[in-house]
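Below, each structure is written out as structure tokens.
In what comes next, chain A is part of two complexes: it sits with chain B in the first one and with chain C in the second one.
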Partner chain A sequence: MTHPTPAAGRIHLDNGSRAPWHPLARQAFLQALDDGWADPRRLHTEGRRAAALVDGAREAVAQVLGARTEEVRFTPSHTAALHTAVAHVARARRRHGSDVVVSAVERAAVLHAAEHAAAPGGRRVSVDVDSLGRVDAEAFAGALRHEGVAMAALQHANGEVGTLQPVDAVHEAALAAGVPLLVDAGASLGHTAVGPAWDVLAADPADWGGPAGVGISAVRHRTRTVATGPEGPEPWAPGGVSVPAVFAAAVALQAVVEDRVDADRRRRELVEHIRDRVSQIRDVEVVGDPVERLPHVVTFSFLYVDGEALVTELDRAGFAVGSGSACTASTLEPSHVLAAMGVLTHGNVRIALDRSTAREDVDRFLQVLPGAVDRVRDMLGVQGL
Partner chain B sequence: MTHPTPAAGRIHLDNGSRAPWHPLARQAFLQALDDGWADPRRLHTEGRRAAALVDGAREAVAQVLGARTEEVRFTPSHTAALHTAVAHVARARRRHGSDVVVSAVERAAVLHAAEHAAAPGGRRVSVDVDSLGRVDAEAFAGALRHEGVAMAALQHANGEVGTLQPVDAVHEAALAAGVPLLVDAGASLGHTAVGPAWDVLAADPADWGGPAGVGISAVRHRTRTVATGPEGPEPWAPGGVSVPAVFAAAVALQAVVEDRVDADRRRRELVEHIRDRVSQIRDVEVVGDPVERLPHVVTFSFLYVDGEALVTELDRAGFAVGSGSACTASTLEPSHVLAAMGVLTHGNVRIALDRSTAREDVDRFLQVLPGAVDRVRDMLGVQGL
Partner chain C sequence: MSDHGPGTVVDARGLRCPLPVIRLAARAKELPAGSEVTVLSTDPAARHDVPAWARLRGHSMVAQEVHDTPEADGGPWWALTVRLGD
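So, the complex of A and B:
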């Protein structure tokens, strides 16, 4: 197998949903690899030791979530946690109906799972957002109260544009209506406070510097679920998960939560700095709520620019950024989030700062960005428009 | 989180489906963690580097399997690979029927998936095995040829008792009948030669010293599949898999295949030695085919002994062994494999040797075993029977 070598001097500003491992995650993984490689379902010493590591990881995650240990489960990925949560909760509520209420800016995994769980007979009911990407709590509550709703899903914050959602008000309405609410905290947990306003919660360790290939699902004791897949002892993770990976995910979560207040303030200032400087570039739209938002995410779109070309141009200059409008291996569609907000869906750049991102990194990026935009516009022959 | 310390001087003889990591797997994992932590679906340098590692891993696995690179997919676990293979292949064949033909000694994951895929309207059709645990190729072929069969599944070898199955003959019959055959190579790949007689193949990296939390699925180009879960770009692994883990799985596979002839001979001799010595203990039944078998697995059952008690007694003496009749966290049922073979289902011990298991380890175990059996029989008050 060929093995590419890392490029020196790169600045990585695309840390949403896949950040470099936290140093303590690496250390925890290696420790658990020595002590917890065995199958935690076995009866011997090695198996029991592995099981103890999984239990410790569940306990640590539960503590951060304000949940009971037995309410926390590990899944094969954040996407898998969302798929399974929607499927299992909707199935358990089948006699009440099959409709699944979602915001228009949920992750694709939630939209797909809602479509799948509602069929046949039910519908995915999508609640619109405003130009900042936020649902109206009243409108969402109204949709919840309709006849035939099995469940609802609302993200804690939107990972593409950073806008926080009114989960407290929506959860209150959901409780009153007796409809279980899935809160996708995949972009929030580890970055901002996630309160107790959820019945089912999904979170993404790879987003806070834990390993990929692990997701987290928490289901309140009172919330019923019915497995929809083949029978088996682990309906949330058939075949089990990697013990070192779940242990590292939990250790990384503890570490980032401990450091959250400082990291939050520092990254929030950097994002304000970016918003301020970028908005001075010609024909740009900085999107998402400027105040009620994730501390580390900022998104903007340029007129007359192709998103994929801009990502590539910035990559050439040494900067890795995300884009809601660039084609990836997995999709050729422009961002449904930007479309639902009614903002520019092309020429988009998404920045997600790591805890380690320095002011100098951001300043170097801001120096390079206007020239990169000009070059892409030049290529498209729109310079001087 | 508390962190147990490893016990010194332990001998681990329970290496089936979860072996300690191969040293090269650890090295590969750490290398890929530095170079491949990013999301392989992203367009920037870091994303493309991660994608290159996944491609390299697929290529390496394909080479070992004699498959095309694009036929190989990574899944969240071996169990997930089996679940998804059965579901997707059966769904694609729905207009031909819904029955799923299996051997009676397939893994629980296959039995459950077959039950699930066949419903509603179809049946799981189970083909009996002889006292060595082997299906009759003719009987399996007969079941295949019935009207209404969607697909069939036959393990390459049984991981509990080691017996090889007649996959060549069964695959020939399946091809003639136009019925796709899933071959579960979860206990074989990395330990014994797995030929080209399969349409879909599942394998288990944790079984050959790769990471847990990864499975392998290979689907021949000619074999149709239809995803049964929510829409998404990765129906075999929603949300993707850990790049370092799949890279480590592939490197470990290359390493063990390279060393297979030597490891095979050495472990085969150790198993013969164990079979010979254990059969001299009073009231014991050594099960599985003595010749046409996996090189590293041996299973035996003691009359008047409880499996869980014996595992615990051996654990106390420093030996980790498996058991098809011990209660685990996941099941309180005795082994369906032993029951299907018509042999003793209680007092069972399963040994799966690691490549690193030494003759001295085995001799120490053989010295301790008779006394442990006596002590457990004493506790049950059957000494002297």
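So, the complex of A and C:
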């Protein structure tokens, strides 16, 4: 069985939030198209067969998370999981307050959901990060102990720069303060051990080689939620979810957790290699924690380089990379993560290695990169500045 | 416009990243250590990238002002002042 490789000659190094499907996920998806097409809420044989696939998937995910089966729910997307987690937990805590404490580098979905849940009357309280992109655990704990805090959200690791967050210490403080903590494990689960330090957790199957169009939400039985929005039997997934997508997501998770230690040691070494080689290019800032990080993510910014031009130049040479530069987005605003860290936001390249990324792929990229940077700098006439 | 001090002013309004930083760096190259240069920019990335550039080049930030009075393209703009290091 082979990975669904990109078009011949292409090397895909932009695997955060959307990786090629794991071969077993594809197999599971096809099987569930045959066995799980029916409505899992119906009581007939076909419906029960579909429901059995969903139940099996919940059990498998729960086992990986160290959670109870009934604590795990599937949602229409990772974004939807984050939105409902913030909305439903904040609503249940309304009597205690309406402020939502977040780190400055949470995903946009969390920042927007926090803003939405906090209004009116409450505030989104943002805790700053250091130049590596990490919140200070004490500062975060201090913020969540304030009067009027409904809940807090801290990512397990930052998907843009790879830095791990101090979730253990923050969760301890949150428990002591009685403030529920949402941990966004969207960039971590399937890549690194996530641990038990969360009250609500959200995860993204498309990030570990499962399908897009499904998300995972886990809520500890001790954590109260109150649904917002119209009434329905599944307020976190109105109308239900795709059974084949849910089943494939769980199978992919089991598969990547199985050989995670090996796959991640290999990718960790590749990232070290990239960090080492890229830092030798002139006027570059390699950002994020070099050690306490995700195994597969690395980000760097080149001074005097237009990010869009660099992404295009690399694409022309056969390499797909991400970027947090404003010049590559539809907005004028650069990545809020790079901005919060106080690092260079232009000329940014974001790499997320897939489990199938080979050493030769990385070496070919490293051969091409310095020339691509030079060409973009030549276009802007900045040599010697 | 507010007082930008005795230093040089680089007007990069209307230019997108990374051009404001490039214009600033080109001007800084012609000036002696200790000079102050102010870059004016409508590009929101400049308010992050000018301090990052200054840090990478051993310069120091002196002032960062936001001006809400609309300019040609209607948005706010920033005046970022750097003192050049050695």
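A few comments on the model shown:
Just so it is clear, the second predicted complex is superposed on the first by the 370 of 385 C-alpha atoms of A that agree within 3 Å, B and C clash if a C-alpha of one lies under 4 Å from a C-alpha of the other, contacts with A are read in each partner's own complex, and residues count from 1 in each chain.
We take it that a contact is a pair of C-beta atoms (placed from the backbone, for glycine too) under 8 Å apart; a residue touches a chain by one contact, two chains touch by 3 or more.
In this text the structure is predicted, and so the values were computed from the model without any measurement.
In the superposed pair of complexes, A:333 makes contact with chain C only, with no contact to chain B. By the touch criterion defined above, A:120 lies against neither chain B nor chain C after alignment on the C-alpha atoms of chain A.
When the two complexes are overlaid on their common chain A, residue A:312 makes contact with chain B while staying clear of chain C. Judged by the touch definition given at the top, the superposed model places A:344 against chain C, while chain B stays out of reach.
Put chain B and chain C next to each other and count what each touches on chain A; the higher total goes to B. Looking at the shared chain after the overlay, A:285 reaches chain C, while chain B stays out of its contact range. Once chain A of one complex is fitted onto chain A of the other, the partner contacts of A:9 are absent, as it touches neither chain B nor chain C. Once the two complexes are overlaid on chain A, the chain A residues touched by chain B in the first and by chain C in the second are 326-327. Those residues of chain A that touch chain C in the complex are listed here as 283, 285, 303-307, 325-327, 332-334, 338-339, 342-347, 380, 382, 385. The touching residues of chain C, counted against chain A in their complex, run 16-19, 21-22, 25-26, 29, 43-45, 48-49, 51-53, 55-56. Per the touch definition, chain B reaches chain A in the complex via residues 1-7, 10, 12, 14, 17-21, 26, 31, 33-35, 37-47, 49, 51-53, 56-57, 59-60, 76-80, 83, 86-87, 108-109, 112-113, 115-117, 211-215, 229-234, 237-245, 247, 250-251, 308, 311-312, 314-315, 320-323, 326-331.
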